[in-house]
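Look for chain A in each of the two complexes below; its partner is chain B in the first and chain C in the second.
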Partner chain A sequence: MSSTIDEEVAAKAPQRPTKRQRQAANIADAASGGIKMLVLKLVLLGILDAIAVSAVFVLVMGGQWLVAAVVALVAAVVNWIYFSRRKLPAKYLTPGIIFLVLFQVFVLVYTGYIAFTNYGTGHNGSQEQAVSSLMASSLQRVEDSPTYPVTVVDQLGTLGLLATDPDGDAYVGTNDRPLEPVDADMEGGKAVATDGWTSLSFADVLARTDEITELAVPFSDDPNDGALRTPDGSTAYQYVSTLEYDEAAGTMTDVTTGTVYSDIGTGAFTSESGEELLPGWQITVGFDNFVRAVTDERLAEPLVYVTLWTFAFALISVASTFFLGLFLAIVFNDLRMRGRRYYRVLMILPYAIPTFLSALIWRGMMNESFGFINQVLLGGAEVPWLTDPFMAKVSVLIVNLWLGFPYMFLVCMGALQSIPDDIQEAATVDGAKPWAVFRLIKLPLLLVTVAPLLIASFAFNFNNFNVIYMLTDGGPRDSNAPIPVGFTDILITMVYKVAFTGQSRDYGLASAYSIIIFIVVSVIAIIAFRRTKSLEELN
Partner chain B sequence: MAKKPTKEHRSWVEAPVVEAEIMASGLDLEAERAAHPRGVPVKRPFKFGRWFRATGWRHIVGIVMTLFALFPIVFVISSSLNPQGTLTGSNALFSSIGLESYVRILTDPQVPYPQWFGNTLIIAAATAIGTVFLGGLAAYSFSRMRFTGRRFGLISIVVIQMFPQMLAVVAIFLLMSAIADWFPAIGLNTQIGLIMVYLGGALGVNTFLMYGFFNTIPASIDEAAKIDGAGHARIFFTIIVRLAAPILAVVALLSFIFTVNEFAVASVLLIDTEKQTLAVGLTKLVSNPRYADWSAFSAGAVMAALPVVALFLFLQKYIVGGLTAGAVK
Partner chain C sequence: MRVNKKGLLAAGAAAVVVTLGLAGCAGGGDTSDDATSSGTLTVWVDAERVDALKGAADAYTEKTGVEVDIVGKDVADIKDDFIQQVPTGKGPDITMGAHDWLGELSTNGVVAPIELGDSAGDYLPVAVDASTYEGTTYMLPYAVENIAMLRNADLVPEPATSFDDMIAKGQAAGLTQPFVVEQGAEGNPYHLYPFQTAFGSPVFGSGAEGYDPTDLQLGNTGGEQFATWLGSQGKNGTGAFNTDITSDIAKESFLTGKSAFWLTGPWNVGAAIDGGINVAIDTVPSPGPEVASPFAGVKGFFISAESDNKVAANDFLVNYIGTEDVQLELFEAGNILPALSAAAETASSDPIIAGFAAVGAEAVPMPAIPAMGSVWQYWGIAEADIINGADPVPTWQKLTSDVQAAIK
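Entry: the complex of A and B
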């Protein structure tokens, strides 16, 4: 036993352990693990495997082979890692890395992909989905078509129609599955029930009227054959689309007007006069989004002023909070002063309150006609704090100063106190005035500690979503721009607003803007790491 | 240049030191003068001008800054106590006092404030615990083990943390909608999904804070435990975790506060009103402050801020240390 221990201790030495040493270490580890840990490990892995297997099953049923393979592979690797006697670091790193890769690395890469597509309102799915959705939205009842008695049926929450055709044969189908013949219980020439489906009672039909009237069960795989729709849940009629899809030619023809809409590679059926049928579908558009962002005048102008303001906002915020914080740190870094603790606690309160709340409170106080600042502090003035493009920027900076100075105060206070007193005494003995002591000795020493934090603070403010969004919502709105953008928007709020607010969502353009931020942040990161050499120091 | 220091020209630094010495030594006046030939008096007559130049102006700065820091807080407390609803009615500070606004926000059937509060607590607590767990495990392996790819892993974490998840909010939304098509329980519009997304950011600055702290725990403790027969898991969970409790608390709290504040991703992923967090719900509640029930919002804001502020002030000492090590607000 004692030799094992010796080897175990030796294994901690910097040089790579030999095979025998590793084996010894493993034996020691396994011996000390205990049965409880083993059971816990088996239970956790069992749960994980059960989830993985069911996930793979669901994905395979849905035909998502690639995703299913990835899930299976990850599950296999996880099992291998935890059942292996080695792979010790991997056992500690795997859980975090799985989340990191999926929700941080993958989504950034995926953002890059979306930036090259036309993804957004009207371009959400595949061409096939676009065709069926276009056909479904232009359905019209066929004049003098036969009536089909129907029973509304349900299978695991999906509604379907059990229809009886004029010949007395029963068919069942749903929105996604065309009608197919089934054996059914007949009652007075109408199919009322079939295996695997639950027939809805009259009360259920009433309760789900909205869903039922939306049902359009296609006759066959060919969308041109039309669909069955029921206005009342008991009889259905044949509906045919006014659009006719020619799969070979890839064209849509409006049979009422004769207009031909063809696929010209823009992700939507377009007529010769340039009219588009929406929804279209998702395609990759190359650098279109980037080109559009910088060459389309109505988009380029907002991009320029938003980018400039983002830099200005981040720089001024860092500078103003730093100088105020530093000033306060100097003022309060005097042991003769009484009550410093109380000032300190009161002054860091803004920092302790959740930012979104502070920003919302300021928004109320800065209201032009009813706000506290105009009405009470300024005695009824009408300062357009949030509605004038220039004043709104000033307001954002004031509020961000309020939010950020306590942090800089704390940081500078800490940095000042960590400067040894004897340096200062030596300077004083040499006859330096207080100001010279500060400027030539304290400030450079302080900056050494604080510089990386200033860079981090810049990077943070560059993407300071909450202050902008809660305080001004980016406003006042720029009415010339085709996208929802305003004069205090920074890049990240513009991304959010282009993607999720406004009349139409444009994920492609929003992602292209994200990529621009990504590049800027990368440059900042490179400068930061070069300057601070923090990466070289890692070991 | 070096003048003999007189009362007026004394350097502002040495005074506290000298005075402190005097206080400590407890010598009488004569002995003190003998000990300090420069003639520093023990008790001087109070002169306003001198006091003002030394510390008085500092108090003025302090009072001004305290007013600047506190007036929005006073305003929101006052308007939360105001039974009237409007923004205008809140302007006269503490003109009327009552708890009606608190009752209103807690019971209004249109505004599921208690649910938002509960959701926020659950999501933030789960994220905080998950972050500490995942980050702690990773930090332990980086700190105590030597393996191929370790330096690469450390550098990757430093680099990746520069890019906030918010940048990929569009992709996160689309990914979660795709997941919802197959696994509705963890996809879009679920709190579990949101927590999972937040955990994607667990191995970031937090890991680094913990890594730094773990490095300060001497490795000889591990070795002693190993000789006594403890395995790596036991060393981590029973020794390292306990010794590193302060930093774990800081990371948990920073992660908690971050999650409470997070708006962009939460607003996109949580669609149903009763599933949302305080940040999303309250922001939508006052999207037009002129027509909103401002007092009720203020009451909600005060209640939402209280736990965070209390935690913050309680753990202030630790947080400040953690903040200066990297995290930024």
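Entry: the complex of A and C
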């Protein structure tokens, strides 16, 4: 008995393997090549460890202890997993998990965190940075005051300025000691050295930049005369500051008007009348952004129709692309059609062109007076493709159909081929007409595999920022709305406009909105997935 | 199946190497920029001007020993990257930019004041005005940019004296669309502004400290006259303005000789000359009682508020970038009028630049105050509506009230 099998095998063996079979065999050989692969594994792990060690080193030097610890820990875990003889599931899962954490979990958590802060224009950095920026910009050069050539000098570690006034007299002073006259060595009308002080070279000046930026030598005993400061180490100007910072009380005082701005916990110094000094700083604001997102009066009216249009856009896009894709898949699945392969390639072309590019090309073609469609295809008609509220919606749907059907075509093609022919034959034998076969047998079986993809496609189109932004930018604008919203804006583009209009960037509000939209889409997806479970019972 | 575990292991290990490699890079980036504290100035410039600054950078390194690291960046990213990176301490010491960023940069506290000192008088007045925000100077200007009227001198040999004269001259030359200016579905107020100022309606009134956001001049009677005029030149009028004309369409129309006048900026002159057009630069012909003043955009350099090298940065900008040679180098890289008067004079030996400079003398700085953001939002769409036949005066009044409400 066994000999017959051997004979069979022997009889088949001499057949030359096809090219593909040989390729497959080579790949399999390479993948299983014992000692070579072990060496490769060691080399790769070695490289990884080398990178990890250098990263830890650099991070520790930079004082980033937490990140360094995380990198070291991850590297150790990876080594442990891959040198272990067991841990097979972990060996498969580790790379994926690392990518997931790096590119998904971190982004989600960070967006969540930003949603609870006031990060945005005017609240960009820390309080310390805001104070130093406010103090720096509050310096006003005393009107008509001369330029003082200066030399930066040092006395026992204390920096001072050796200044020459327009009359050629030399003065010296420090942060604590107002300018006083001294005898100095002059060079080209500028005092360059004086007894008891060491003159700094330009390189020394640069090395002590921080101290020199802080150096303000009082002009006289009267603080109202201001102080000499040198922005470049060789010339000084007389400045008065219009703001005074009281660190203990946490207040800023405008010395010209006497207004007191205090830190009232909103992330900016605020006067009693509610006037804010900007820049402020970044703080956490709890649910403020979410409250603003749902109670913003300016949004009340546009929000309703934008939401309706978002749902319509997503649903119609999914339905139209699905049915066109399905129709084409059925047509091109018919064995009687010749040259199907070439048609299929043509069908997939829109999918191969970047969305940005095709949306911009469509935008050009749909220009009312000069576009290709009106000028050439319609012989000079003036169809307001992108400028009429209704037509713009139609245009967006057409373009999205063009962009989206190849995907559905591919998916349906695959799904159709996986439906066994015998079911169809059985139905035909039972006397079912083609339409009935399609409606009662093919479509339900198709939906079993395709329904989850349709839900994903809905979620994608719900947030299809690219098409709207590139094609119409939400336009035509609704000139009656209090925010710059247009008739083809979907939720995500409206959020973009609300959070990033003009010069203001409100990252906190934008994050809050995107979390709200995320919740809406997830709820819909979960419900839809529950419903599609019932389809699976068909199998 | 002959594929065994080890193959997958290798693939897995490779993936991990890549992942950690990325993590390592991300972590490494945190510290590599700290090099700026040890005598290196990092300067962000737009990619086209990297070479123009090389000479100044080398000269500075030679004299002071401070390395100048010139980093070419995409113009579109510079502003947002600067605002985001400065507070983290990772930004550059100096960045190239435009004066209308000032409101945003200052509100975010990312720019440090700069002292031009006595050299302030060496710059064109419009450049110094534009570099000043709320009374403090923040920018070292290097170029002044404004739009002007490009004329096809073969079609129309004489400059036009007024808007109507321009149309008449163009029609006499047998053109149906003598004049083009780019618009769009949402209008383009920047290119319409000279006509608006011709009716005496600036956006904001200005005082000693620059534009005053509380003094909105947009809706004055001049503004309404402008709106009426714009309506008469739109779809239901002469058709001189058309919101379907985009920049590409305007360019094509001028290059093919369908239009003799093109209101545009220096960035398009190269294309016109390459297209074989005999280009002359005129001032904007006024349709109203006053001079038609376009917006001037001033380009310059900012110092980061968090720079560890403020002294060197100030020195480099004021004493090196602010010299005629460097300003001329930058001019050659971009063909925009230099901001330093002496360099501007040298550059004006070119009749094209002299033409733009003459218009620039009438230009006003584009407001940098944050309130301007609210104006842009509503301005263009209202103008587009008027061009497309909306009732001019009520539309203009609604624009004014919308802007007024948004500024509060």
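Please note the rule applied: the second predicted complex is superposed on the first by the 282 of 539 C-alpha atoms of A that agree within 3 Å, B and C clash if a C-alpha of one lies under 4 Å from a C-alpha of the other, contacts with A are read in each partner's own complex, and residues count from 1 in each chain.
FYI, a contact is a pair of C-beta atoms (placed from the backbone, for glycine too) under 8 Å apart; a residue touches a chain by one contact, two chains touch by 3 or more.
Since we're looking at a predicted model, the values are computed, not measured.
Once chain A of one complex is fitted onto chain A of the other, the partner contacts of A:Ser220 are absent, as it touches neither chain B nor chain C. In the superposed model, A:Ile517 makes contact with chain B only, not with chain C. In the superposed model, A:Pro476 makes contact with chain C only, not with chain B. In the superposition on chain A, A:Ala130 makes contact with chain C only, while chain B stays out of contact range. In the superposition on chain A, A:Ala525 makes contact with chain B only, not with chain C.
Contact with chain C, but none with chain B, is seen for A:Leu206 once the two complexes are overlaid on the shared chain.
Using the contact criterion defined above for the overlaid structures, shared-chain residue A:Val74 touches chain C, although it does not reach chain B.
A simple residue count on chain A separates chain B from chain C, and the partner touching more is B. By the touch criterion defined above, A:Thr147 reaches chain C but does not reach chain B. In the superposition on chain A, contact is made by A:Gly414 with chain B only, not with chain C.
The intersection of chain A residues touching chain B with those touching chain C, taken from the two complexes, comprises 28-32, 34, 37, 55, 58-59, 62, 64, 88, 91-92, 95-96, 99, 102, 367, 369-370, 473.
Interface residues of chain A facing chain C in the complex, by the touch rule stated above, are 28-32, 34, 37-38, 40-41, 44-45, 47-48, 51-52, 54-55, 58-59, 61-62, 64, 67-68, 71, 74-75, 78, 82, 88, 91-92, 94-96, 98-99, 102, 121-122, 124-126, 129-130, 132-134, 136-137, 139-141, 147, 202-203, 205-207, 209-210, 212-213, 230-235, 237, 278-279, 367-370, 386-387, 473, 475-477, 479, 482, 484, 501-505. Considering their complex, residues 5, 8-9, 12, 14, 28-34, 37, 55, 58-59, 62, 64, 88-89, 91-93, 95-97, 99-100, 102-108, 110-111, 114, 119, 327-328, 331-332, 334-339, 343, 345-358, 360-365, 367, 369-372, 375-376, 402-404, 406-407, 410-411, 414-415, 421, 424-425, 428-429, 431, 434, 449, 453, 456-457, 459-460, 463, 465-466, 469-470, 473, 492, 495-496, 499-500, 507, 510-511, 514, 517-518, 521-522, 524-525, 529, 534-535, 538-539 of chain A touch chain B.
Those residues of chain C whose C-beta lies close enough to touch chain A in the complex are 1-10, 12-17, 19-24, 27-28, 30-32, 34, 39, 64-66, 80, 83-84, 86-87, 103-104, 106-110, 112-115, 117-118, 134-136, 138, 185-186, 242-246, 249, 305-306, 308-312, 314-315, 318-319, 370, 372-374, 376-378, 381-382, 385, 398, 402, 405. By the touch criterion given at the top, residues 1-2, 11-16, 19-20, 54-55, 58-59, 61-62, 65-66, 68-70, 72-73, 75-76, 86-88, 90-93, 133-135, 137-138, 140-141, 145-147, 150-151, 153-155, 158-160, 162-175, 182-183, 196-197, 199-203, 207, 219, 223, 226-227, 229-234, 236, 257, 260-261, 263-264, 267-268, 279, 282-283, 286-287, 289-290, 294, 297-298, 301, 304-305, 308-309, 312-313, 316, 320, 323-324, 326, 328-329 of chain B touch chain A in their complex.
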